[in-house]
Every structure is written in C-alpha cells, then in structure tokens.
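Got a structure for you, written out below as structure tokens; questions coming shortly.
Residue numbering begins at 1 within each chain, and the chains themselves are lettered A, B, C and D in the order written.
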Amino acid sequence: MHYATKSRLLSATALIAAGLISTTAFAQEATIAFASGELGATSYNPVTSSNLNSATSLIYDRLVEQDADQSYHPHLATSWEESADGMSWTFKLKEGVTFHDGTEFNAQSVADWIPDFADTENAFLVAAIDAVEVVDNLTVKFVMSRPEPNLLYNLASSFMGIPGAAAYDEMGDNFGVTGAVGTGPFKLDRFDIGLETVLVRNDDYAWASDLSENQGAAHLAQVTFREIPDQSTAFLELKTGGVDILLGVPTDFLQILKAESNVAVIQMPGTGINYMPINVTAPPFDDIKVRQATGLAINQEAIVASIYNGVGAPAHNFLISSLPEADVDPALDVRHDLDKANALLKDAGWIMDSDGVRVKDGTRLSVKLFTQNGTEFTSLTQVVQAQLADIGMEAIITVFDSSTIRDEYKENRHQLAVRGYDWNNSDILDWFFSGKRLGYPNVSMWTDAEGQRLNDVAMEESKNSEERIANFKAYHEYILSQHLFVPIYQPTTNIAYNTNKVNVPDPIRGTRFRAQTVLDITVAE
Amino acid sequence: MSSMTGIAARWMAGYRGTPVSRAFGSWLGKIAGGFLVLLVLTAIFAPWITPFDYAAQDLTNGNAPPGWPHLLGTDQFGRDVLSRVIYGARTSLSVSATAIAISITAGMTLGAAAGYFGGFFERAVMTVVDLTWSFPDILIALIFVAIIGPGLTSTTFAIAIAYLAQFTRLTRAQIVRLKRETFIEATINLGAKPHHILLKHLLPNAIAPVIVVGMLAIGDGIVLEATLGFFGLGAQPPTPSWGAMMSSGTAQLFLSPWVIIFPGVVVAVTVIAVNLFGDELIRALDIRDRIRGS
Amino acid sequence: MLWRYIFFRVLMLIPVSFSISVVIFMIVHLLPGDPIDNLIRVGSSPDDRAALITKYGLDQPLAIQYLRWIGAMFQGDFGEAIVLRRPVADLIAQNLPYSLALGGLAFAFSSIVGIILGTISATTRSKIVEQFMRGFILLGSTVPGFWLALLMILFFAVQLQWFPVSGAGGWSALVLPVLTIGFGGVALVARVTRVALLDVKREDFVMLLHAKGLPSYKILFGHLMPHALLPVVTILALRIGWILGGAVTVEFVFGRPGLGSLLIRALGQRDYPVVQGCLLMLALAVMLGTLIGDVAQAAMDPRIREAKT
Amino acid sequence: MLEVRDLEVAFGPVAPLSGVSFSLEKGETLGIVGESGSGKSLTAMSVMGLLPLSGGRITAGSIMFDGQDLTNLPEPAYRKLRGGRLGLITQNPMTSLDPLQKIGPQVDAVARLHLGMNASEARARTVEILGTLRIPEPGTICNRYPHQMSGGMKQRIVIAMALAADPDVLVADEPTTALDVTVQAQIIRLLDDLVKERDLSLVLITHDMSVVAQTCDKVVVMYAGRAIEHGPVEAIFDAPQHPYTQALIGCIPKGLSDDEHLTGIPGTVPNVLNYPKGCPFHPRCTQAKEICATDVPAFVQHGNGQAACHFPGAPQ
C-alpha cells in the first residue's frame, strides 16, 4: 500500500506541474487495450506467472532487449561477454538505476533474482545457469551448466524482467497483484484482475534502452491497460474514444479502421505463423504424396489478398521471415501449384469422382479439418476448406475450444488442423516436431531418427549462435522435405491508435509493443 | 361453478373444434401459426428455394450490402445471406425440435416414474431436477458442450439436458395430480399393474400440457441454439445456423451489420410466433392451470 | 413458526450441498483436456510437464483428489487456481462484486419495472396499453440476449455514444448490461405478475371484497398484490442463480468481469479448482435463492408456513 | 325497499338474463330458486352492481333501491352502498376469504370503511358481531387465518362481514350449498333469526325448494335466464302454476319412508348460447304443445302469483 500512496502523490504533483507549465492542460494519459492473445493475466509477477501481458514490460526492465530484426540491444546490462566454450556469461550493469522502492539495482539484485525461478513453471528459462557470481557491484557472471546460445533470447523475454528483491520477498504471493516493484518507466498503481491495470509514471526513470528516442521519464503520466475479450468490442471502444491505442487489431478490421479519419494503424512484423499441421499417422496422410499435394493446394497469396486484405505476408515455410533459419533452399518452400497437386494425387491412386471428391479403392478423400474457436482461425479454415475442395479433397470442419482440441491431438483423432503459433525463435521447431512431444505440441505426430538427430544437434550441441543458426536451418529443411504441415500466413501485428489523442512512433522498435514504445508516446495537442 | 366469472369464462371460451383448429381461431393464432407452417415448409424445401448455394464462397464479393442478386447481402466470404438464413431455419428448427423431443421423452419417463413411485426415488430425482432447473440453461449447455465437444449433435443433447428438468417437473406434477383423482384410485384398487396404470391411464392424461410446454420450449431451444452458435459451439462451418451466422457476424458488426441483423430478426420473429401459437393452444386446450401447477 | 420452518429448510440443504459437490467434481473431471497445457511454454521439456502434473496432484486417483478438495473446503479453502495462479477464493472475491453489481441492479430493475408493468397490463382498461404490454412482454422474453446486447451497443454506445461500449468502469458502464439482462427479466416478471393478478382477480374472495365496498386501489394493493407476488417471489428467487451465472453472455459481449466470465475462462483453460469453485458458488446461490423464495413465500402465506413444519 | 323490473343482462352479444322482476319489502325474505345456470346468481350480482367484474352489463330494466335507480348509479356511490346498505353472502365460504389475511382485519374493514370507525372500535364491533353469530371465542378467532377454520365457521365470518355495517338488504347467493347438511340448517336458521332480529330484507338464492319453503315470504322461480313464476311462498307451494315449479316442488323429499322415490327433472338446463325459442322450458316440459316452441309465454296472474306458461296450472 505504501507504494501506491507514494506514486499517487507523485503523479498528482506531476499533473499539477504540467498544468502550470502549459495552458493547454491535456491530461497526460492514455488508455490501451490488450491484444486478445494477452488477456487473462492474474499477476504481474514475472518469475512465477505463466501468462504475462505487455504492461509487464512497463514495470520491469530487462538486462537486454531484442529488436524487430532479432538483434540484441543493451538495457540494464550495458555490455556482455560469452566465454569461448559457452560455459560462462559476464554482464556489465548500468549505473544509477533504482527500483521503485528506492533501492539500488546492482549485481546483487541479479544474484538474488535468478534463484527465485527454481521450482516455477519458468525455471526452464534459467535451467542452463548453474550459478550467479557477483564480480563487483556492477558486474555479474553466470556460470553455465551447458552452453546456451539462446540465453540472450531468454533474458529479453517478459518473464525475465527484474523485480526488486526486497519487495519480492516481503510481499510473497501478493507480489505482482497488490503491488509490484521493478525498475521500469511505470509503477503499478492498481490492478483489477480481468478488467484493467493502471500504471503511473516513474519520474526518476533515466535508463531507457537505445530502442527509445526518449531517454528520460515517459511523456505519459498515466497509462491504463484494459482487457477487452471481444475484438470487435475493442474496435468499437477505439472508435468511440473508450481506448486510445488498440494492440493486436484483427486484420479484418484494418479496412474500416483506415476509413476512420482519426485512426492511424501501425504494422509491425509479426512474430508467428498460421499453418496447417498434417497428421502423418492418419491415412491418407501416411502417404507423403498426399501430404505434398495438400500443401500445393493452398494458395497463400490468394488468402493474404482476400481475407487479410493484403496485410501480412504469405508463409512458405515454418519460421517467421526475420529469423535467419527461415532462409531455406527455395525448392523446399511450399508454394501453390494446383496441377502438380492433382498430378501427385492421381499418382497416389486418388481418382476424381463425379461429385468432385477423389476416390481410392472405394474410399472417398474426405478428411477431418479441426480448428480452434475465435474469429482468427474460423475464417481462415473455411477458405482452406474451399481450396482443398479444388483438388478433390473434402474437408469436414470442427471447431474446438483450445483445451479440447489438445485432447483430440493427444488422442490422435485428428487429420488436418488450422492453427497458429507466436514465437520469434527457431527453437519452435523442437517444440512442434520433437518426437518427445507427439500429439501435442507435435500435432503432425511425426518422428524419425534423422529428425531426432538433427533436433538433438540443434538443441544441445550448438556452442554459439552461428552454429545454432546453421543447425536449426538444417533441421528446418529436413522438416520441410517431409511435408508435415502447410505454411499459410505470416500475420502482422497491427496497432491502431486515435490520432486525436496520442502520437505513437512509427515504426515501432522491438519485437513487440512494449515499454520502449510507450516511453516515446506523446499526447496529441 | 355458479360463480359469475367462471360462467362468463366458459361462455367466452366457446368450446368448439379441435384444440389446434381453435388455436388457429384467433387472428394472432392465424398469423403465428401461418408463419410457423411457412417456416417449416421453407426449411423442408430449402434446397429448392435458396437462390444460391449456401456454402459457395465468392471472396471477391464479400460483405456486399443487401441488393440484387443477393437480397440480404453477403457475408465476409461472399456467401449469400438469404440462402444461409433459409438453410439456417433447417438447422435451428431441427436441432431445437429434436432436442425438445428428446427432452420430453426423457423428462416424461423420469417425471412419471418419480411421480408414480414417490418415496426416496422421487426425492432424489426431484432434488437434482430442481437444482438444474434453477441453473441457467446457457451454463448447463456450455458445460455439456465442453464435455462432449462442439457440433450439432452435442448442441442438440445440450439443449435437451438444459430443459430436461422442466419436463420432469411438469410430468411429475401431472401424475401426482392425476393419482389423486378417483378414477385412477379405483384402477389402483382394482389391482392393475403399475406400468399398465402409467401407460394406459396416467401418461395419456398428462400428455397435453407436456406437449404444449414442449411447443413453447422449442422457442427457447432456438434461442439457446443461437446463443451456443454465437459462442461458436453449435453448427460447424460451413453449415449455417442462425446463431453461428451471428457469431461470424460479430466481428463484422460494422463492415456488414446485415450479417447479424437478419438472422437475429428471424430468430426473434420465429420465437415470438412459437410463443403466440403456444399461448393460443394453451387457451384452446384450457390447460393453463395444469401447466402452472408444476 | 417461521423460524422453525427456516431451520428445517436450512438443515435440508446439508445433504443436498454434499451431493452437489460430488456432481460438480465429477463434471469438472469429465472435461477433456487438462490445465497443464496452459502452463507449459515453448522451451520447457516434457519432463517439466510431468513434474507439474505431480505438483498439482493431477496424477492422484479421482477419489483422493475429491477428498482433498472437500477437506480443504471444510477449512474454508477453495484451493489454488492452477492456470490463473491465485487462490480460488481471491478470484471469486474479485469477480463477485461485478456479478453482484450487475445482477443486483438487473434484479432490482426487472422486479420493480416488471411488477409495475405487469400490474398495469393486468388492470388497464385500455386495449392499446394492454396490447402494447403484451407485445413488450413477448418481445422481452424471446429476443436472444446477446443479440439485444449487440444492438444496444450499436445504437446507444456507437451511434449515440451515451454509454461506453464495454468494460466495468463506473456506473455508466453498467447501464447497457443492466438493461440487456433486465429486459428479459422485466418481461418475465411482468408476465408472471400479469397472469397471477388476472388469476387472483377471478377468485371468489375478490368479488366479496368488492361487495364489501372496498375501493379498487385498496383491493389491488391490500389483497391482489400480496397474492400476485407469491409466484413473482418464487420466480425472482429462482432468478438469483440465473442472473449470476446466466449473465455470462452479456458479460462476454460487454467485456465485463464476473462469475460467469471467470467460469467460462476457467472452463476453457480446464482450471479445475476455479471451475469447481465457481460452480459451487453458483449452486449455493441457486440454493440460497430457492431458500429465500421458500422463506419469503412462507412469510407471506400462512398456509405454506403450517403445511411444511 | 328493493324493486327489480324487467332486468336484462348481457355479456357481449349474449344475453343470459332477461325479463326478471321482483320486489322486496323491509323484513321480508325473497327466495330465488332455479337450477345451476338459470341466472339466479347473475340476478344477485346485478343487484350488488358487480356485473362489470365479470364483463357483463345491464342492458334494460331497473333496480330501484330506496327510491333510487341503481342501474345508472355512479361507481363511487355504488361502492358506498355495497357493504354498507347492501350486504352479500357468497356461495363458497372456502374461497370467500382472503387466505393471506387474518380474520379480524377482513371483518374490521367493513366497519372502518362504512361506519368510519378506527381500528379498535372496528375490532370491538367485529368481536361483538362474531359473538352474536354464536362464534365461540370471537377474540381469538380474529387472529386466525381462514384456512384454520371449518367451512361453517368461515360462512359465519362471511355473514359477519355482510352484517358489519348494518345493511338494509342482504343478498345470500346459495349460502349453504358448499356446507355439510347439519351446518346448512344452522346457517339457514341463523339467517332467518337475523332477518327477524334486525328487520333485514333478505334475498336468498338457492336451488333448494325446501329452504324456500322454510324461510321465505316470497319466491321467484327462474329458468334459463328468465323468471317463470313468482308470488308469495304459500300461494306458489299450494298451487304451483308452471310445470317447472311443479317439478321443483316435486323434488323435495317429503319424509323418510323407505318406499319414497326422489323425482328428478329429466333433461338439462339449456346452454346460454342456444336458449330454446318460445318457452325456454318446452324441451323438458311434459305438457309442451306446439305453441310452446314458438311463442314466449306472457305472465298470467293466478291468485297473488304470476306464472309465464301457456298452460298454467295443468297437473303434472
């Protein structure tokens, strides 16, 4: 409670000061609606929570930041060094950084924080760190149990925002709910779970990363994040002034948004792929020719042009295009080719019947096509259904909720599915294609010795990032050659805002809309 | 019954003809009944009536406003809204009617058994039934669909289960009332077998109110189907149902309001017609007291 | 007399609640899927998953899980949400006020307006007013709630911009949801009031009241209304559970938190303790509603008071 | 005191009652007899001004009470009469009291309304009246609910309500039909005593000729919405002119001898929607001739009474 009172006082003074200076006393506030994918967070405790939203990044700073081009930038760590064998990492920390409760951020803060991950769902993030050594007040060394080329990626994630150790221990389970202490540009003022989060400016803030123009305290004195479950409702809120910034606008809305005079849309490169996994154990997809034909039936360009109004990019392999591992042999990319698809099916013994559905040995080419509820997939699935009909494949759609569909996968009751992932790291390949996770997440139900070997090499034997890239690229290419899925669409992240209320920098730096962008947002005159 | 109002009521009622023809008697009953007949015919003959294939996508002509040739416009996939509304009648009516038929059958069995045998069995059944009866039907249906998965079959059963309590209560109340009547007592005293009494005497006498309430419940069933469809749990694409159409329409509230307005209007009008006709039927059968007695 | 009645009525709830807890537990564990998939993320290993299953006791036999749950319940512990990572009691406490605000207002709105409209429609001599009321009642009890909510948003929030589109910030955000839920409630209450009034008007004793020379308003308020309110009270009491849980559609469309939203979200994530807690709360509300209804009836009607004790 | 002339009542297009006339002096008891559905109760309701409750209205004739015509009396003035100078006793005591209210307030209301008494005065009066009606422990009874009492007791409460404001005319609509035989006699005796003690005028509606014979001074016999015979009780019983009256009198059990057989009247009362043409009784009349089926018979004077029959006095 102490924290809240203090911050309220501070924000009140700030508001008065602003009022004195400028005669046009605009309220230095903004209301932001979360994207549908980041709803339902019940805590701002980055260490223990399994679900964090973008407001988390405003409360806590990270050691490093990642930009849209996947490069790493210093933040609370000014520089870092990896030992040649990959068995230790040394980070130099920024000077003069303080937590919201006034305590100093230093090497000990990091040493106190890393062990907190033990026995949490997030422990895997620091699993490779054996020990944390305080070298001096502003130098910290991670002693590794194995090389971890992915360490920087982990450190840049929301889950590795650094909490104030004293407050963390003191508040216990309430940390992140009734109060939170970090070094970020905003302080948690009020958190109504499932409804809204109010953050107030940290006036002492002077340690922004180089992803922000503004290196001082934020322009906005207060930011309110709202949870709006339905996307069309959120859109209406933007239109009627209930929110100023909308994160994650569905592509369907872009056209109407662009027609609104006071709304601007910024498109960020997306961090995920929508695709159609193929269950290789379920006939007829045990035949690689049928799998390949299925992939060739999908016209990614037409889908982007029609249901996505040309926004976003067609996906031709499994990884987002900004990752170097996505740059595979062009022959392996999956591209629309109806003639080849038909030829392959004919080759496989599937003959077109009079009702437009192929038949083989009296069996119709009729398959189950699953998807999850939520507008983003249902429309895509229906178009996929129509495109599969063009090669004589009848697809019967069932829409499940996310938990039930996972059960269907685990029970191996599926054939085709339309789904998506959001992850900007090539280890997603291990997640979806490792033989250890058949059913879910390995929806393709695929496992073979060569695949597992390439997976092991990529996951465990990469000593540094160059090696890691090469290993994952090889794994990726092998997966593509097996026709385990059909890549469809690489969405953009669309951020819409009310130009009468705020100015948002364009382009947005970083992989996602986070603190670095909020720091630069100003109130419109 | 020499009380004034009683006599007057009987005079006014005008007892003539079969209940159904009497229900058709009033002008409201005529309109409502006529609409329902038309709707059922539309549903049956949907393939011959629809101007377009309900599933045919035309992505270049998505979200077209009402006009020619798409009288009620098109949805985001360029599918004809009118054709989908017509086919939706098929889905919505058949799901709701099947669900209520299942519900009536199960409810009558349970209610008759509870009412006839009484004792602990009745108590146990009625405790559960009363509880589910006062539970929101949408929650019962949502939980049920969560257990057995989405689709038309599970929607049908979900609706059936949501309204099971209603018919169980109603049947039980009828049976309990009838059991007290002398002709049944006489039959029981004569040593007739339980199933004989139930089937030959009790159920036939209890059936009229149950059927009428069932008729009204079809209206509720349509709304529940629409709500489940709205949550995306009912008919699976591309099968059109009124609720599912509105669900795909929410995202389109602005782009193409007709996609949600028309199915909604049809649902509302249908349910109103069902209610009006049901009310007329109740009046014609003069069973209002028996229905409310449950 | 009344206290005795209430005492026995409450006593009866104990075995009922116990059986309900079993039913709820079984239902929740019949659901396909499990909550662990919502906890693990890219990068974690299959071993992490197994560890979590053990951690939350999901590998235990169902009977053991039930006994643990019910045992904790006796100590006032609703358990800990698996996915939502909070004590279930906290989550319910956070969401309940929203449900109560919305439900309470909708309840008050539908009872007050419903009784007034029902009374008007049963007593008016104007054919037009009566037909209008009948139409309103019919419309209110047939229009799907979510559809009405959408139309309300379109008209009052987007076109006229009188009220916010969604959320739970302040009183103005309550207006449209209350109206949406209330509309159906008003129609229901008005219908029951109307029918009950028309029924009781046909009773012999009403004619005798007229024969005593009592003015119509005294007959209406002193005699007819208490009778007409008996079924209304029953319906309203039953609506308590309805309004708390059945608001889920409206909560969904207006993006409001509440018990219904919490339940649906937890159901989607298979967060067993939360689903169990919510269902138990709703069942309790339903039982409490029936109890209140029965007690109110007993308080109002001496015949019931004596018949059941 | 009360004079009804050519009364006609209609419910919408249907006229279930027409051409009913009778008169009543102070201290007299008038019996109205007939089978169910003959229009007896409608006549009572017309006098009480309660027809609008069930949607009926008086379309012709007059009801003169104390020199004023009640048929066009405005409702507020009528309301003062009802319960004040005109008391009503209804048929079914089981349903005639508000089950949700205690007895006391229900009876008190009359005195408070018509005699301007306050609560305690009214209660004192209630207790007094209940006492005169031979109700034991009237003070306790006031705190009872209707369902806690027997039918006979309830009917006494109803009578108490009718008497509470000292009415001039009491209309009793089949006051004993719903009661046990033993109680019936008590109630009839009670009413009879009241008329004598208080110099009341009583309109007693019944289907029981024997009750009429015991208590009434005058009688009106009704059939299918019409008065078919009326006159002093002695005259009518001595020489019933209308075959229907003859039949009704024939129904009275005369003694308890074993060989006596009760005669009923074959056939049923016609439905109001299709009253027969001509004499309404002709389909059931053993004496009916052709003219009976075509012409409505006019009243024929016979002694002090009148009968509407083409062939009055013909033996059964």
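Criterion: contacts are C-beta pairs under 8 Å (C-beta built on N, C-alpha and C of every residue); 3 or more make two chains touch, one makes a residue touch a chain.
What you are looking at is a predicted structure, and each value in this text was computed from that prediction instead of being measured.
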Common touching chains of chain B and chain A: C
Of all chains, the one whose CA centroid lies most distant from that of chain B is D
For the chain pairs C-D and B-C, which is connected through the larger number of C-beta pairs in contact? B-C
Per-chain C-alpha mean nearest global C-alpha mean belongs to chain C
Whole-Å distance, chain B centre to chain C centre, using C-alpha means? 22
Distance between chain C and chain D based on Cα centroids, please, to the nearest Å. 52
Take the average of all CA coordinates in chain A, do the same for chain C, and state the distance between these two points in whole angstrom. 38
Taking each chain's centre as the mean of its CA atoms, chain A sits from chain D at a distance in Å of 89
Chain B, residues touching no fewer than two other chains: 3-5, 146, 149, 231, 250, 253
Using the touch rule from the top of the page, what residues of chain C touch 2 or more other chains? 31-32, 153, 204, 207, 252
Residues touching two or more other chains, restricted to chain A: which are they? 230, 236, 401, 404
Hey, which residues of chain C end up touching chain A in the complex? 31-35, 37-46, 48, 52, 81, 83-86, 91, 94-95, 98, 153, 157-158, 161, 164-169, 252-257, 261-262, 265, 268-270
Residues of chain A touching chain C in the complex: 40, 42-43, 48-51, 121, 123-125, 150, 154, 177, 192-196, 226-230, 233-234, 236-237, 239-242, 401-404, 406-408, 421, 423, 425, 427-428, 431, 436-437, 440
Touching chain D in the complex: which residues of chain C? 203-215, 223, 226-227, 300-303, 306
Considering only the defined contacts, which chain D positions touch chain C in the complex? 48, 50, 53, 79-84, 86-88, 90-92, 95-101, 109-110, 113-114, 145, 147-148, 158, 161-162
Residue numbers on chain B that touch chain C, as the complex places them: 3-6, 9, 127-128, 130-131, 133-139, 142-143, 146-147, 149, 219, 223, 226-227, 230-231, 243, 246, 250, 253, 257, 260, 264, 267-268, 271-272, 275-276, 292
